[in-house]
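Please read through the structure below; I'll follow up with questions.
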Amino acid sequence: MTSSIAEKRDITSKNKNKKRSQWAEVWRRLRKNKMAMVGLGILIILIVSALSAPLIADYEDVVIKQDLINKLEEPSLEHIFGKDEFGRDIFARIIWGARVSLVVGIVAVGISVISGGTLGAVAGYYGGKLDTVIMRIMDIFLAIPSILLAIAIVSALGPSIINLMIAIGISYVPTYARIVRASVLSIREQEFIEAAKAIGASDFRIILRHIIPNALAPVIVQGTLGVAGAILSTAGLSFIGLGIQPPAPEWGAMLSTSRAYLRYAWHVTTFPGVAIMITILALNLLGDGLRDALDPRLKQ
Amino acid sequence: MHKYIFKRLLLLIPVLLGVTFIVFTIMSFTPGDPAQLILGESAPPEKVEELRAEMGLDDPFLVQYFRFVGNALRGDFGRSYRTKREVFAEIFARFPNTLILTIVAIAIAVAIGIPVGIISATKQYSLMDSISMVGALLGVSMPNFWLGLMLILAFSVGLGWLPFAGFEGASSIILPAITLGTGAAAIITRMTRSSMLEVIRQDYIRTARAKGVAEKKVVNKHALKNALIPVITVVGLQFGYLLGGAVLTETVFSWPGVGRLLVEAIKQKDTPTVLASVVFMATTFSFVNLLVDILYAYVDPRIKSQYSK
Amino acid sequence: MSKKELLNIENLAINYITDDGTVKAVNGIDIKLDKGETLGLVGETGAGKTTTALGIMRLVPNPPGKIIEGKIEFEGRDLLEVEEEEMRMIRGNKISMIFQDPMTSLNPVMTVGEQISEVIEIHQDLNRQDAMKKAEEMLELVGISKTRSNNYPHQFSGGMKQRVIIAISLACNPQLLIADEPTTALDVTIQAQVLDLMNDLKEEFHTAMILITHDLGVVSEVCDKVAIMYAGEIIESATLKQLFENPKHPYTLGLFGSIPNLEEESHRLKPIKGLMPDPTNLPTGCKFHPRCPYGTDLCSKQHPKAIEIEEGHRVKCLIYEGLVDAEVKK
Amino acid sequence: MLKNKKFIVILSAIMVFALVLTGCGPNNPEGDNGGGGDGEAAKDSLIIAQGADAKSLDPHGTNDQPSSRVSKQIYNTLVEQTVDMELVPGLAEEWNQVDETTWEFKIKEGVKFHNGEELKASDIKFSIDRMLESKEVAHIVESIESVEIVDDYKIIIKTAKPFGPLLAHLAHTATSIVNEKAVTEAGEDYGQKPVGTGPFKFVKWDAGDKISLERFDDYYEGPAKLKTVVFRNITEGTNRTIGLETGELDVAYEIEPIDKGTVANHKDLQLIEGPSLSMAYIGMNNLKEPFNNEKVRKAVNYAIDADSIIESVLHGAGQKANSPIGPRVFAHNDTLEPYGYDPEKAKELLKEAGYENGFNTTIWTNDNPIRLQIAQIAQAQLKEIGIEVTIEPLEWGSYLERTANGEHDMFILGWVSVTADPDYGLYPLYHSSQHGSGGNRSFFTNEEVDKFLEEGRVAIDAEKRAEAYKKAQEIIVREAPDAILYYQTQNVGAQKSVKGFQLHPAGHHSIYEVSFE
């Protein structure tokens, strides 16, 4: 009896060690993927500049301060991206906008990952009726196009940055529930779960300690791409008038509110548009790289 | 197979009930009074009250919901709060426009995505591969309303080749369909490529080569059909996504589709229109899913035998 | 070159070039095979047996694989020199191959009939219907009812699938059949059946065969000649009799020591100590020296040459070059 | 194999279904939509773009601008208002006021409806009774107590109380005269099957896309010059200009301020600008601190620079307002001085009111881009005097509901005095009985103003009315319940070949006189 417990424990701890080295292995493979590293590099630059935004430009005095006399000013040495329709420095707004866009993207995905992941894990782990009920509800949500669900939620709750994150987050819950459920179903059958059950671990503990870490790979990949999707959704919502409150700088809102000036002041839409594109590009490159790095079949 | 299809259609009922319930809940329990909206900025409170009563908005939530379900079962989705028009007629006039836009967009996406994906997989690491992958990445990265605006500037204003807006004959669908389909084309390209790369590594491809099958045939006959299985899923998902996401494109191009109607209706708390549009969309979405699953069975005999069980 | 000679591989070297380094999978091997003869190619996983087989078919995946040097003479022509198109006409026709895992070697979305008839259509001047008819005959030949030619692979068991693959590989009556561990993935009871079937058909069609395996038992039943591979080299080759009666190389001896023998009384199995070397970082000198019970300093420095110790029996070991003094015993 | 066949059958069935559905879509490529000002001789088809689709062509079912713009071409009213806001006979040939509450109208003879019916007094009674029943437009005619038919061409309208602006109200597009038979026949679908007496008759409505009208040859004032008029729905403002440039549109309403120069300078295009009856204002909740303090409200007025808003948001397409009703509206008080931009004075007033260090507040707006821009400028300008404003965009529905409930601090709205009568422009916004959803969302309460507004309403004598309204305006501006910003200038872009287009200040322009050169 005791020996068997020791044995199982051994298996679990081995599994843990395996995990650690597995992440190191993933990182090693990821590092070799040049495109993924380019993506990661861009993201790091974005995050750093978002974090250091207050050092680059003062929010009150530059980002939201209007200068109507010099509105739509072309890029110059002083204002490298030019000025917008209120005479605000576009460069400063883009740097600050990185904060908003990244936060919206990450928090929205966080909401969907946590709620979708939990639902999916519970459904997949317990199976049976609970599974059926949860997944049917997810099917219902899936049948409502996600952008429309987001529109309905934002227009119901009112457009604000928090509601935006909630709306986008909720609309992608079913996606993550499905992904997590699928990987939980395959993991559930594996031996180390049996082992953990045998030593009397609680369900909660098993889900938290064993299943979730093992189901993480597809979620990480989807999540990276999901942040990109959330940023695009935010831009789309801004376009139909459900963006965040002005004058907070958000790339999608900058792009869509200045679209009337597209023909007269190229810089007003180009820079926010390019900022969005580069970010999405970087997230996609990283997501693809992660997918390859996490795919055990590619280990060779 | 029949049984399977029947079963799937049966499943549509609870899904639609669920969808309408969720939407009804959102519409009912959030601020904004339809009666007030109908009457506008200057309407005495008594008038608003009167209208509310007349519209049945004062009844308990569940009563309202089941009244809707009851009427809907008889094919009566009611009249729009905004236009007083029969919701069904309104949607029937506009839904086909969205559907045709989505179909053309997805057709463009498939027509571009699959061949480019195949070429780029079979010529992995070639210049062609790099170009198409960069193109695909740009395609998914671009906010599509922006793309649409620029397409209008280029092809309507600049070159004068294509109509700038509306649904005025076949040529007007080109720009909106490209706008809507670009993202999907990019996703399908990437999916086809990675799926193809995956399949090309499989043992049975080696078997085919060992049989002396020409490389072209290895790709087109042996690999493609297998590689298409995940691509079909993506195409199906994208179809649903485009159907819902068409609203942005519709707005840019003043396309008379149901997406714009729906957004307008949501904003105006026009519950009957919202419910009916969502029912239409969800039904179409479910049909597309079913179609995808049937296509699966067609492509993959393993799945077919599963359905027959 | 004797008239009977079918295949003559000389100094074949195949590398896999990856980011992690170059894997020397096949490292200057020589194989000779006559018509109708069966060669057993034996070695542990990773010894380079499958790569050798793919090399003969010219199907080494490129990238990362690359044939570095050597020649593969088949019916007097160097296969490494012929055009791809011509090579294609040889594959499945004059040389065919049976792969290790029947579960994944058949295309899941084509019927087995189609998969058999395809090879016939390519190489024989038959229309689709006749090819299908021939395919059905082949199915019957491997013991599957022709009524099942419309079935898909997933409707067959592993053993049946391997039979289908055998049907594919023999459909065009090849001169040479390469069977890469054809039975490893099968149940033990099925293994024997499949092996017997192959053997019978090979006899019937007078096909030469290279049987890749790590199972010396199988070899003893089927093969005329044996070549033992270790780390990309053939370290010992001989006739079946020579090898089983008089194994010379310490590694070969080790292989015999690691299988139970019912006839001889032996108290304990003697597994070969250690593991196969890292293919990206092969030892210098004799590749086997770190695991060899007789290994000396010299073994780690000098690469042994192949020594013919009796007719048809060649060994690569410094002991037989007389450079290392040791008495090799079972 | 058999299974495959079945599959194909199912697949094709689905395809056919899809095709049938899509077949219902529009497939009538517009024959002659080109001709960007190149003066094709026979061009008689006008394409007009506006920013939204009409809701309903039942004039009694809705009161929104996009619908009115179309309805205006289909229907007539008893009294009509010229572009100079002069009241002239419409379907009524003449009228006279019998006593304070009784009006007699003589109806033109021989006026035909599009369905061939002749206009009779019964149609007018039917129309007005129908308006009174309608939730959407009843408020426009609510003063009317009864309509009596004298004979086929004479009716008597009685109001419950004397009602000064009756004629102006009868000129409102919502009081369009419909045909009893047509309405009864169409039932609830009348909004899609309108029948009027106007110069153009309804042909087809492609929902969300366009409405096609055709010349009505029996129009009582003679047939229009154009054969067909199409109202297209082009949501994006910039695209309307693009459509003019590509020649796909002949007329585009509401050119974006930024695009005005493009249209004006284009060799084939003309920009038509003129005053409108609409006013924009920033409201304050007079019941809530600190806006219950007049000094604070005045400070806000001084702090906001309406000129800079007009300049940067409207690109000059507006006039600084000095009163809630504009100069085109009857009894506009032109002696009132608008609050100038004076941040120093604003700060002083704040100090006097006890808000030396300013305060935090919120400003609500809906998702109208113009209002969002105004909000941002106001936010920046109020910050100068120490008022920290948070902008909260709300959905129109909750915006209306919550401002009606008085939950707001500040908000941005506009008002159109469609009838060009001060009653329409002032009563809902400033009478204390209209608090909340009635229209007085500032919750302004002033007994004197109430009195003057009631006086103006019941008085018949124009001078007496004018005096009451001028006084009311004076008090309103003095008490500053809101910050009145500007009167908007309206504009229309058109091909140069389009002749005879006149802007109507109320926003619904008549196409009757329009032709191509």
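As written, the chains take the letters A, B, C and D, and residue 1 is the first residue of each chain.
Basically, a contact is a pair of C-beta atoms (placed from the backbone, for glycine too) under 8 Å apart; a residue touches a chain by one contact, two chains touch by 3 or more.
What you are looking at is a predicted structure, and each value in this text was computed from that prediction instead of being measured.
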Chain pair with the most C-beta contacts: B-D
From chain C, the most remote chain by mean C-alpha position: D
Whole-Å gap between the CA centroids of chain A and chain D: 44
CA centroid of chain A to CA centroid of chain C, Å: 50
Distance between chain centroids, defined by C-alpha means - chain B, chain D (Å): 36
Shared-contact residues (touching 2 or more other chains) in chain C: none
Overlap residues in chain A, where contacts from two or more other chains coincide: 155-156, 158, 259, 262-263
Of all residues in chain B, the ones touching two or more other chains: 30-31, 149, 153, 157, 251, 267
Which chain pairs touch, all of them: A-B, A-D, B-C, B-D
Complex contacts: residues of chain C adjacent to chain B: 57, 59, 88-93, 96-97, 99, 101, 104-110, 118-119, 122-123, 152, 154-155, 165, 168
Sites on chain B touched by chain D in the complex: 1, 5, 30-34, 36-45, 47-48, 50-51, 54, 79, 82-86, 90, 92-97, 99-100, 103, 149, 152-153, 156-157, 160, 163-170, 251-252, 254, 256-257, 260-261, 267-269, 287, 291, 294, 297-298, 304
In the complex with chain B, residue positions of chain D that touch it: 3-4, 6-7, 10-11, 14, 18, 21-30, 33, 55-56, 58, 61-63, 135-136, 138-139, 188-189, 191-192, 206-210, 232-236, 238-239, 242-243, 245-246, 248, 367, 395-398, 400-402, 404, 413, 415, 428-429, 434, 436-439, 441
Of chain A, residues touching chain B in the complex: 136-137, 139-148, 151-153, 155-158, 228, 232, 235-236, 239-240, 252, 255-256, 259, 262-263, 269, 273, 276-278, 280-281, 284-285, 288
Touch list for chain A against partner chain D, complex: 64-66, 68, 71, 85-86, 155-156, 158-160, 241-242, 245-247, 257, 259-264
